[in-house]
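What follows is a pair of complexes built around subunit A, which joins subunit B in one and subunit C in the other.
After this line comes the complex of A and B, so read on.
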């Protein structure tokens, strides 16, 4: 049990520390790296509470795909120039107003959560039957393609639509593009591609008429 | 296999869309084939709704509900979408937006609306909403060579994504405080006092109000309506509003039924603010698409007034209102398509001046539709407003009724101003002679329905009464 506590504090400390570093570090690249560290430690916390599927998905999706994408974007941008105006330039005037709004919303949420009473048997009103003997991933697999097939398919349709949308908005049809056509290339014959002409003295031959 | 009847229209629509997509990809210059295919899909989807109509039943862990209410709204969505596509063909050809993806994205957004209308669960509702709004982002920016269209797309995307975030936050709060995503179970939970769920309700209501462009969440509407191509504006002004209103009625009637006191005041505020802004802000507009944007904000205000009563008669008056609103808007946009000179489309109101001398038929159509939008007595628009205010007065909300009547009078000013320009100003433009059968048919049908509603109001009334 004590090892569990030690690990919990270890990972939470790293998570909070790296989250702070994400917003305070000067170099954008460092920020992204701290973000990855943050994701990993949160993933470890998920695994510690027994949500191993969520933890792994966090690692695969956020670290494996999203953070790497961030890195690419950051490397494409000209960060060195922007950093100057962003951090060292004149102070942003949005901070006080943003801070006030943030604090107000936080206080409002406190009021709501302060009035929160845990209902008796909160899980019982859910329509899903939870079997505690089998693992998370197994349980998800049980319902994903049976009870939740509609949601699953609908998410698939959304992905299809986003693909169509991206193509519609970015694809440009280019004219005069010379594409390869293997069949015509291979089936060319000597007779159709070479023409022998007699060159007369001091006159030359006209090509491509 | 009997169960499949319940979800048959959705399955048919999706399979049809996939086939149309394949046809579009594998044929060259396939816009014309795909658009004809789309008409067929829309028609057969309506037929499949009527053929497979079943008693109220729930499906997929009670998350998908098929009832007369959903069937009515689905048919309304399909019919209005059919006419939107029909009228916009000439425009699309003139503006060279001949992309075969255009009808396919519209079909997918309709699929999303189907699931929104039929949802009995927060997850299904959100997935449907995302499918719908993702399609709308793409549609707003589809004319990507036009700077204004791209700007409209970006603006709509950023603001709508923010509102989706708020809505999702509300959904997660609601799940946290009630322990379920199912509408029936949430409704049962809310019998006892639950402050957190009220908080969640506010977030969800904000998200929904944004989708139907109710004040104060309307900022995107005029810019997006003006910037997008007219065919898309037509779609925006008609089809998503049906789904939005249906979902609001569903939410207020089912999960939030027991916290009527809490949402009623918010709904009244949304309604009054929309009516006032729709009436006042439209006065200074010179662009007819912007005018229609503010007009739609105002009309949504009247529709929300019916919902804010929280009674069955209020809900049914809103359904009647939105049906007539759609008929009027289809006709109005049909007339706007006819403001065409040498292949260019005019958008200024002043371009209409003296229209009555050159094209008396078009002028009369404008007259009927705009009088109906203003709510002048013998026309359909008057009855729509009449039913809403009747149910508002029945619920003894006199202040709302009085403000509504006052804003009707104010908004009549700018509708009648357009008519004055058409009939009494000097002739300026010669619009192209109009031989487009599709647009003529739509405008004619719209005018006939608006005029004939006086004689047979019971057809629509009885249908709507049987929904609840």
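After this line comes the complex of A and C, so read on.
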């Protein structure tokens, strides 16, 4: 139990520390790396509470794919070289608008969380019976593909929609572009690509017409 | 006192896992160069020690005594962190690899997901190294490598789903034990081929070694690295290759199980079978490096997204419908 507590505080300390560093560190690239560290330590916390499937999926999806794209964007835009001049410049218009938005969100959160009440008997109203004999992943599958299949499919469709949306937004047809066709490249024969021409003296040949 | 005991026991186990892995990485580098040489009618490294087996040790010694140069314009912290990340991730993944039914450090429920997560993390070492060098070629190499690894991970994930459908468990030991009657390489042979090629791409091996294509990018993401830091990248890379071979063995070649459970075959100890199979897969890797020319980058991307992804996805549908139709779907633990 002691080891468990030590590990819990270790991971949560790293999680909170790196979450703070994400918003306070000066260079954007460091922010992204701290974000990755945050994901990893949160994943470890998930595993510690026994949700090993969620923890692993968090690592695979967020750290393995999403954060890589984050890093890509940050590296390509070269924002790392830019210093954050928002708080230094005299005519900064960001601070007032940011403050207004921040205060509004804070108030909204206060109102929502302040008025939060759990429905009575919510713990017992859950219809899922947890079988302690089978593993967490197994149990998750049992619930997800039976009771919640509609929500599962819906979230899949939302993901598909966003994928199609991203493709539609970024796709543009460019004219006059030389494309490589693998089949024609591979299936090229000597007879169709080489032609021997007799060159008469002082005349030359006309090619490529 | 009890905690200390457990702690030291675990440390002892870890040491006895890590040291063999590191030694076998050194040996595998030698084997790789040797096979490469023999295919090209050269001798390969054959001077240091018998048949040159100690060549990697000599190389490592040389690397240790070389100066580590950190470019002035590099981001120092990330630059130093990159090889450490690569190497650590390559070694950490070995924790769940079962060498036999009892020889496994961490027999966790979601072993295969753990392996997949670690291998998807290993792209960071390369990106960090490429970016922190603050130079053209490493950056281009890192971008290529990241795109390549992310795309081939998708097909590897779907191939793993194929195997999991036949097993019904995410535990690596269960996956091996499910192959007692027949190795998955036979019913899922097309998937094995795709897995092999994706593993080549995932570990940046030739013919997919575009991140370090000498002709275009000098040495890719490790251009600015020298001395021990370069050697760590190198070790991490080969440990990853070995890991992919082990994963292929577990998923398709029946792990530590002998081909048939009859007398002369089953007297060999289980870990030895595992090692033999890993070596066989690595031999295939080495031969591929020697005989296949490098792919073009757009061909590589096309292969990943337009060929492997649809094929492996439709194979998932095929496997699932087959299992459902013949009522062979595995229940827990079988």
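Here are some notes:
Heads up, the rule we're going with is that the second predicted complex is superposed on the first by the 131 of 209 C-alpha atoms of A that agree within 3 Å, B and C clash if a C-alpha of one lies under 4 Å from a C-alpha of the other, contacts with A are read in each partner's own complex, and residues count from 1 in each chain.
FYI, a residue touches a chain if its C-beta (ideal position, glycine included) is under 8 Å from a C-beta of that chain, and two chains touch if they have at least 3 such contacts.
Remember, predicted model here, so these are calculated numbers, not experimental data.
Applying the stated contact rule after C-alpha superposition, one finds that A:45 touches neither subunit B nor subunit C.
In the superposed model, A:147 makes contact with subunit B only, not with subunit C. Judged by the touch definition given at the top, the superposed model places A:157 against subunit B, while subunit C stays out of reach.
By the touch criterion defined above, A:15 reaches neither subunit B nor subunit C.
Judged by the touch definition given at the top, the superposed model places A:37 against neither subunit B nor subunit C. By the document's definition of touching, of the two partners only subunit C reaches A:134; subunit B does not. With both structures placed on the common chain, the touch criterion links A:182 to subunit C but leaves subunit B unconnected.
The contact surfaces that subunit B and subunit C form on subunit A in the two complexes do not overlap at any residue. Contact residues on subunit B toward subunit A in their complex (touch as defined above): 7, 14, 21, 60-64, 99, 101, 104-105, 108, 111, 115, 123-124, 127-128, 130-131, 134-135, 137-138, 141-142, 144, 153, 177-180, 182, 185, 188-189, 195-196, 199.
Those residues of subunit A whose C-beta lies close enough to touch subunit B in the complex are 112-113, 115-116, 119, 122-127, 147-151, 154-155, 157-158, 160-162, 164-165, 167-169. Contact residues of subunit A toward subunit C in the complex are 2-3, 29, 33, 36, 52-53, 56-57, 59-60, 63-65, 68, 71-72, 75, 134-138, 180, 182. Within the complex, the subunit C residues that touch subunit A are 3, 75, 78, 108-110, 113-114, 116-117, 120-121, 123-124, 127-128, 131, 139, 143, 146, 150, 153, 157, 170, 298-299, 302, 332.
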